[in-house]
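Every chain is named by a letter (A, B, C, D and E) in the order it is written, and numbering of its residues begins at 1.
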Amino acid sequence: MKIGVFICHCGENISSTVDCPRVADVCRTYTGVEYSVDYKYMCSDPGQNLIKDAIHKYNLDAIVVGSCSPHMHERTFRNAAVSAGINPFMVEIANLREHCSWVHDNIEAATRKAIELMRMAIEKVKRDKPLTKIKVPITKRVLVIGGGIAGIQAALDTANAGYEVVLVEKEPSIGGHMSQLSETFPTLDCSQCILTPRMVEVHQHPKIKLMTYSEVERVEGFIGNFKVTIKKKARHINEDKCSGCGMCITKCPIKKKAYNSFEEDLAFRPAVYVPFPQAIPNIPVIDETVCTYYKTGKCGMCVKVCDREAIDFGQKDTIHVADVGAIIVATGFKLYNIDKKSADSKYKGYGEYGYGKYRDVIDGLQFERIASASGPTSGEIKRPSDGRVPKKIAFIQCVGSRDDSKGISYCSKICCMYTAKQAMLYRHKVHDGEAYIFYMDIRAGGKMYEEFVRRAIEEDKVKYIRGRVSRIYEEDGKYIVKGEDTLAGMPVEIDADMVVLATAMIPQDGAESLARTIGIPYDKYGFFNEAHPKLRPVESTTAGVFLAGACQSPKDIPESVSMASAAASKAIILFANDTLEREPVVAKVNEDICAGCFYCMKVCPFGAVEVKDVKDINGIVYKEVAYINQGVCQGCGTCTATCLSKSIELAGFNNEEIFAEIAAL
Amino acid sequence: MDKQNWEPKIAAFVCNWCTYTGADLAGTSRLKYPANCKIIRVMCSGSIDPVFILKAFERGADGVLVSGCHPNDCHYNAGNFHARRRWDFFHELLDFIGIEKGRLQFSWISASEGKKFADVITKVTEDIKAMGPFTAYKKMNSEFTIDFPEEPSELPEPEFQENSDKETE
Amino acid sequence: MPHTAEIKEIIDESPDTRTFRLRFRDADTADRFEFKAGQFAEYSAFGDGESTFCIASSPTQKDYIECSFKVYGKVTQSLRRLNKGDTIGIRGPYGNWFPLEEFKGKNLLFIAGGIGIAPVRCVINNVLDLRDEFKDITIIYGARSVSDLIYKQEIKEWKARRDIKTVITVDPGGETASWDGEVGFVPAVLEKNAPESENTVVILCGPPVMIKFTMPVLTGLGFKDEFVYTTLENRMKCGLGKCGRCNIGNVYVCKDGPVFTYAEIKKLPQEFNNFKFQIANYKLQIAFLKG
Amino acid sequence: MKELIKHARELLENGEVAAVIGYRQVSAKRTKPVIITDPEETSALVFNEYCLNNLAVYLTKARIKLLCKKNDKVLKLAITAKPCDVHSIVALIQENQIDRDTIHIISFNCHGVAKDFGFDFNGDNLASKCITCETHKPLYYDALFGEVKETPQASDTALARIKEIESMPHNERFEFFKSEFDKCIKCYACRAVCPLCYCQRCITDKTIPCWIETSSHQRGNFAWNVIRAFHLSGRCTGCGECDRACPADIPLSLINRKMSMEAKNLFSFVSGRSLETPTLVGSYNEKDNNELFM
Amino acid sequence: MTQRSIQMDEKIISRVDLLNICQDVIEKGNTLLTPGVADYSVVKDVSNLNLDASALPSKISYKSYVFPRTEPVLYYKRSKNDVQLIDVNIDSKKIVILGAKPCDANSLNIMKHLFNWDYSDEFFNMRAKNFIVIGLMCSHFDEYCFCTSVGSSPVSEKGSDIFLIPLDENNYAMKIITDKGKEFITPYSGYLKSGDENRSKRITENVKQPDVAFDSSEVYKWLGENFESPKWEGVGNLCLSCAQCAFVCPVCHCFDITDEDYSYTEGRRMKNWDGCQFGNFTLHASGHNPRDIQSKRYRQRVNHKFRYYVNKFGEILCTGCGRCSRGCPVSVDIKEIVSNCKNDQKELR
C-alpha cells in the first residue's frame, strides 16, 4: 500500500510552532509512505493539485493530510482525492492546527506531537477500507407535529411546494397560542384576524391531511422512510356527518362543570364544545369526564338535537399509520405555571405572588383573553373576581425567567414586548387606569420593537419600575405589590387592582416524551436541540427531523414563522432528490460470529438493530443474528463497544483502525 | 528515563461531536495546554471499548482520558449514558485490581467548552505527572522484550529553536 | 529462524490475489535455497504472523521465488499492505514434493481450480523446463470468473505453445463478452475433454467441492488412485511436524505431506465427513483466522 | 429423588421433552453432568449436595438445536437446576440465548452445596456462593422437589478477602492481582464453564484486530482476566464455576463478586433475579452516577 | 518393573541430607521445583519442603519448565523497508525436580520423540538436557489414576534420573537410574549410605496400585476400527471445549505461533500452548473447519493419544496421571471413556 503524506503549513498557523519539513521528513521513513511533502497551503488550489499530481505520479492508494481540523477541510481533501481516483474514505486528516500548533508554544514539543499525530493517522489509513455512500429512497410526505402558527406555516409551505403533509394537533382545533392572543406587537393588529385565514387554508388544502385531537404514538424508521403511528382520540362526534351547526353545544345541559381552557380557565364550557368559535375543524368534542351520559348513561340531549345523527358515544380512539419522509416538530410552548393546579414538579416558585390564591393575580395569557374582543369579557378589561374595571394594574416581568434560584436561567424573550403591549392595550381601553411594569431589563431587539416600548412609555404613560417584586398580598380588595425600585434605590409599594405576571415560556407538556419517541435530543429545560446552534438551527441531530417555533427555544411569532418556513424548505430540499446519499459511517454485523444476545438492540438509540434469521442451504433457520439497518444507523458505534463478541464494526472507525492508532501512540 | 525530564504519555479518546469540536475551539481560541495528550477521535463516547484503554496502557500510556458530550447533549441521544454506565464499572474494576483512579479520567466537554478542554487536559497531565510513570504496567510490558542494538539514528538531533524552551507548560 | 527476503515485484493477479516475487536479502541464502515442486514455505509479515503458501515458482528458476496468496485473514491482509522493496520473512522449504522423477516418460494431466493453480503452476513450469522428458501434457484450469483467473500472462504463453493442451474455463456466469475459453465447472469440462488415462499422472488441486466432484469423473475415465496426486494444505503453523495442527491420523501433513496420492489419502481416517477426503488448499494461506 | 426420577421419566415418555440434563452420581461425594434421552436411564438422576455443576452452561443455542430436534419436531429441554443455577437461566433468557418456553426447569429447595467434590458437606466446606445465598427456593421453575433444610452456617471469607484487598494500597493490589493472574495458563476453562460466556467466537480468539494477546505472559494474562471480569460485570450471577474450574486456583470469583457488589451499590441491580427487570448492560438511567466525569 | 532395579545401585539418604542437597542446588543458582497443590513451584526455602508420596498430583504438570506456556522464538524490528531479526537465547539453567510423581517423570521421555523427529527442537532439547528429575514413589491413587493401564505404575522409575522410595519418616531409598542422575549425585556422595534393595522392594511391592482399567492395545485396535462411531457424540455433548485437559496434561504438546508488537517497530514471535479441544484450533482462514464439532475434537484427542502417537513413535501419549479428568469442569473422565469404548452397552460420556 502506497501512502502519500501532505503537511500543510497553513500559512504560518501551523509552521510557526511545528517544524513542518521535519514532520514530512520523519513521515517519509515510515513503512508504506511513498511520498511525503510539506506545503504552504494544502487547501488552496495549487495545494490540492499537488495532492492530485502526487496520487497520479506515485500511484498512491491512500493519503494523509496534516492540516487543520477535519471538521474544516476533510471534505476538501476527500474531494481532491476523489478527483484523482482515490476512494474518499482512504483519506485521513491529522489535526496539526487546532490540536497542536495553536495550543502549544514549545516548538520541539509541538513538532514531536505533530509527528506522533501523523504516525497515528498513517497507521489508521493503512487499515482504512474504501467505502461507498449509502443510497436510501425517500417518501415525499411530511409529518408536522403541532398545529400552532409554526406548524401551520410549515404545513402550508410544504404543501404549496406540492408535497403531501400530515398535520397532527393534540387539541381539537389548530391555531395554538396565537389564536388566544388579542393583538400582536408591535403592529397591534388582531391576532385572530391574521391567523384565521391561514387556518382555513390548511383545512381546505388538498395536500394537507389534518388530524386534530390526535397524538404521535410511535416513530420508527429513518430519514426518508419514517413510519409514524398516530392515535386519533375519540371525539364522540362523527366528523363526516357533523355540519358544525353547534346545536349540541347550545343545548348541552352541563354548563358549569368544566373550565374553558382556551379562555385560560376564565370561563366555563359545556361537555360538548369547540374550543373557540373559529375552530378548525369546526367539529365539537364531547368531554367524557364531565358528560352526564358517560356518568349515568342518561341525558343524550345532544343526540336529540343533532339532526345529522353525528353524535357517537361509542366512538373509540383509532390508530393511524403514516409513511413520511421528514418530520417537522412544532410543538410550541406553554407558560410556567407557578403554583397552579398542574404545577410542574420541576419548577416551584413565586408562591409569594399569590397566583391561584388571588383571582385577580393572572398570567399573561389570561390577560390576553380578557383583552380579546372574543374573550370572556368581550374585550373589556375587568377583574376576574368581581368584574370591576381595574384602575391600577401592576405588570411583573421575568416571572420564572432569568432566575436561577426559583425558575429557569434563560430569558423568555417575548415578555418585555407583550407586557408593553398589554399595558398599552389597557391604557387604550381604560383611559384613567394606571399601568406599572416591574422589569429587570427591557429587551426589545427586533424591528420596531424598541420604538414600540418607547411608545408605551412616552405616549401611553406606562410606568416602568426597574426592580423585582418581593411579595403581593391582598388588603381591602387591593393587591399590595411590594417591590424595590433599584434605580431610585428605594422600596416601592403599589396598591393595584389587578396583577399580571409575565411568566416564562417553557416547553409544551410531553415535549420530552415526544423527543424520546422521535429520537431527538433536548436540553435540560426540555427544548429540542438543534443540530448546530449557528449553522443548522432548524435541523435536529436526527436526520430528517426538523424543528420549528418555540419548541426549540422561546420565540415570537415572526421568528416562529420564519423558522417554520425554513424547516419546510429543509424538507423540500430533502424531497428534491428521489434517493438520499448518506455517509457510509454505519455499523455492520459479522453474522458468522454474532451470538445473538441483542445487547446492540437494547443500546441502539435509533432502533436500527433488527433480528435477522440466518438460513442454511436448505432454507432452514439455524440462527438468529442482529442486523443493522444501514438507513437507520447513524454511526455512533455504541453497539460496537457493547457487543461482547465484537461482532459489530463501525465502518470508517473500525476496531482495527483504532487499535492501529493506539499502537502508534 | 530520569524523573525530572519525564513527560507522561496520555491518550484521549474523545467523541467527534462535542469534545473533539471543543478541542478545536480551544485551538481557535489559542488556549495553551501541555502537549502530552494525543487525541483519538471516535464517533461517540459510547463506542469506546475498555479494551482500548488497556491497549493504550500496553503501549506505554501513563494515563487515559475519555471524554464525550454532556448527558442529554449526545449527538446520538443516549450513547454517553451507556458509556457512563460502562465506565462506572470499568473504573471500579481497575481500582479494585490496583490501577489508581487518576490513571483513567473522564469528562464531559461540550463543543462550546474550549476553555474546559484546555483545563481538563492541563489537569489530567498534572495529575499523571504527580503520579509518575505507570511503572507497574510498564514492568509487565517489558516481560519478554529485548533491547535491539542501536542503529545510527536516521535523523539528526533536532535543533532547538529560539523560543523552544521558553516555558514548559 | 526465518530468512528475510525483499519483495522485488508485486503482481496483481486478480482483485484479491497477489503474487510476490521475492529475493533473499542474503546472497548466500539465495544460493543455498533449493526446493522441489510441491513444497511449501512459511511467509512472515512481521507483526502479524506467519502464513503457509506453496512456492509457486519453478525450482528451475534460480533468481527468485514466487508466492501467490488470496487475501483472507490477518497475515494476508498485512502482506497486502507491503510495497515493492519491503521485507518479508521466509522459512522453508517444508514438506514433500511431487515425484517428478517418477513422472518422467508419462502423460501429465494438470487440473486446478481457483488459487489451487499456484502449486500446480510450480510443477507445470518445472515440467515445461524439462519438456522433452514427458509425454503429452494437458492443463485444465478453472476459476469463478474471468477476473479471478490468475497467472493470466502465463496462461497466454501456455495456450500459445503447441506442445501442451491448455483448457481454461470459468464458472457459468463468470464469463465476459470477450471470453473465448470454456464456460462450465471443472469436472464437466474434464469429462468433455476426456483425456487419455493410460500411463497418465494427474496433478489435482482446487477447492474441496471441486475435488469432490472431480474424483468420480477421474475414476470414471479410468485414472488410477495411485496416479492422482494432490496437495493437502491444512491449517499449519510450525511446518516442522510439532504443533499438532495439521495432524490427520498418523500423518503430520506439513512433514509427511502435503503431496499425497489419492490412494494414500483413502487410507487416512475419514475425518471430514462431507467430503471423501480433506483438501483445503482452496485457501492456501492458513495460519491465521479471519477476524 | 424418586419424584425427580419419576418426573423426568414421565417427561421423556410423554414426549414433552427431548432430553433431560441432570446429574448422576459417580462416587460417594461426586456427581457429574449427564444428558439423558432414554427414559430408562433416568434412574441415574440424582440431586444432592454434590451437584456442583451449573448445568445452565449446556443451554447454548447450538446444543439446544442439536438435542431438541426429534423426528422433525422441536421439543422442550428439561434441565435440573439449583436455585442459583436458575439465576443463570434467567440471565440467559434475558440475553436472548434461550426461550423460556422451550426450557423445562426442574429445580429444588436447596440448602447449599459442598465447595468441591470429595469434601464432607458441612459449614467448613460450604461453597462460597452458598454462604450468602438468599434464594433457597428457586425464583422460576416448572417442577420443584426436595425438602427444605437448614443451610449450615459459615463465615463469609470471600467478603473478608475483598475487604482485605480493598484496604491495600494500589500498588500492592496491583502486585497481588498480577501474581494471581500470572498463574493463568490460558486454558480458558473459566470461559468454558461460565454459562454467560456463550459467544461463538470469544473476543480473545479474534485476530483482526488482536484484542487480547493470546500469549500467556503477564500482560496477556492481565488483559484476559480484566476483560473477562469486565464482560461479566453486571451479568455474572455468581455461580462460582470459574473458581472451581480454574486449574491454577486463581480467585476469579473474587473479582466477579466485587463487581456484583458494585452493580448493587451503583445501580441496585442483581443479575438473573427477575425476568422483568431490564439488564444492566444495555439500559441506562439518566440519573446514573455522574461523579466520575469532570 | 521392580525386577530391573536389582541391577541398579541403591543407596539410602536421610531426609536431612536430602534437604542439604537441595539447599546446595539452590545456592548454586539452579532452580529447584517441587509439586504443590496447583502447580509445581520453585522452592526458595528448603526448610518448608515437604515430600509426601501420598499427595494428590498437582493440578498442573511441570511440562511448562521444558515447554513453556509462552516463549519468544525470535525478535524483530521493522524499519522502513527492512526487518532486523534477533534470535532468542535459551535459558540454560539447571532445573532439578524433587519429588516428581512417577507419572510425571516419564513425560519428557514421551514428548522428546515428537520434538526430535525430523527437525530437532532446540528449545526443548536445551531445557530437557538441563533437567534432572528426582522421582518419588507414589502412594496416592484415586478414581482418576490409571498409570497402570498405560504401562506405568506408582513405583515406575521410567523417566526419573534418580528415584526415591520413602523407607520411613526420615529415610529414603535412592536409586540412581541414569548417567545424568549419577553425574548430579556424585558431588553429594558423602551423604549417601548403601541401602538394602530388599527393603525398598518390600515397600514398592506393597504399594496400592490402581487396577488396570483397560488394555491399551485393545483400545488401539478399537480406535482404528471405530473412527466414525456414534459413541463420540455422547462425550461431544458433555465436553465444553476448554483446553484445561491439554494444558494440565504432562505430555500434550500442541502450540501456536503468533506475532506480537510491543512497540511501534519492535515485536516478538511467541510460541504458545494451544489445545486441540478449542473450536478454532483447526479453523482455516476461509472459515472451513475440519473439526467443527466437539465430538470430532474429542475423537482427535483420544485417537492422538492412544493410536496416532503409538503408530508414529511407539508410545502412548498419556502417563495415566488423571489430571485432565480430575480437573475437568464437567468431570469428563478419559479413563472411563477409554475403558468403556469397547463396551457397546455403555456410552462415552
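General remarks:
One rule holds for everything that comes next: a residue touches a chain if its C-beta (ideal position, glycine included) is under 8 Å from a C-beta of that chain, and two chains touch if they have at least 3 such contacts.
Quantities reported herein were computed from a predicted structural model and do not represent experimental measurements.
A count of C-beta contacts for the chain pairs A-E and A-B puts A-B on top.
Here the spacing of chain A and chain C, counted between their Cα centres, is 64 Å. Per-chain Cα centroids separate chain D from chain E by 31 Å. Put simply, the C-alpha centre of chain B and that of chain D have 37 angstrom between them. Rounded to whole angstrom units, the spacing between the C-alpha centres of chain A and chain D is 47. Of all residues in chain E, those touching 2 or more other chains are 70, 78-79, 81, 256, 258, 261, 270, 280, 287, listed in ascending order.
Listed for chain B are residues 59-60, 72, 78, 82, 86, 141, 144, each touching two or more other chains. Listed for chain C are residues 73, 86, 288-291, each touching two or more other chains. Taken together, the chains touch in the following pairs: A-B, A-C, A-D, A-E, B-D, B-E, C-D, C-E, D-E. Residues 1-2, 31-32, 34, 126, 656 of chain A touch chain C in their complex. In the complex of the two chains, the chain E residues touching chain D come out as 37-39, 59-60, 64, 69-70, 143, 234, 237-238, 240-244, 246-248, 256, 258, 260, 270, 272-273, 275, 278, 280, 327, 329-333, 349.
On the chain A side of its complex with chain D, the touching residues are 592-599, 602-603, 622-624, 642, 644-647, 655-656, 659-660. Looking at the complex, you find that chain B touches chain D at residues 50-51, 54, 58, 71-72, 78, 81-82, 84-100, 105-108, 120, 123, 136, 140-141, 143-144.
Taken in their complex, chain A has these residues touching chain B: 19, 22, 25-26, 29, 69-71, 95, 97-100, 102-113, 116-117, 120, 519-524, 529, 541-542, 585, 603, 605-606, 634-638, 640-642, 650, 653, 655, 658-659, 661-663, 665.
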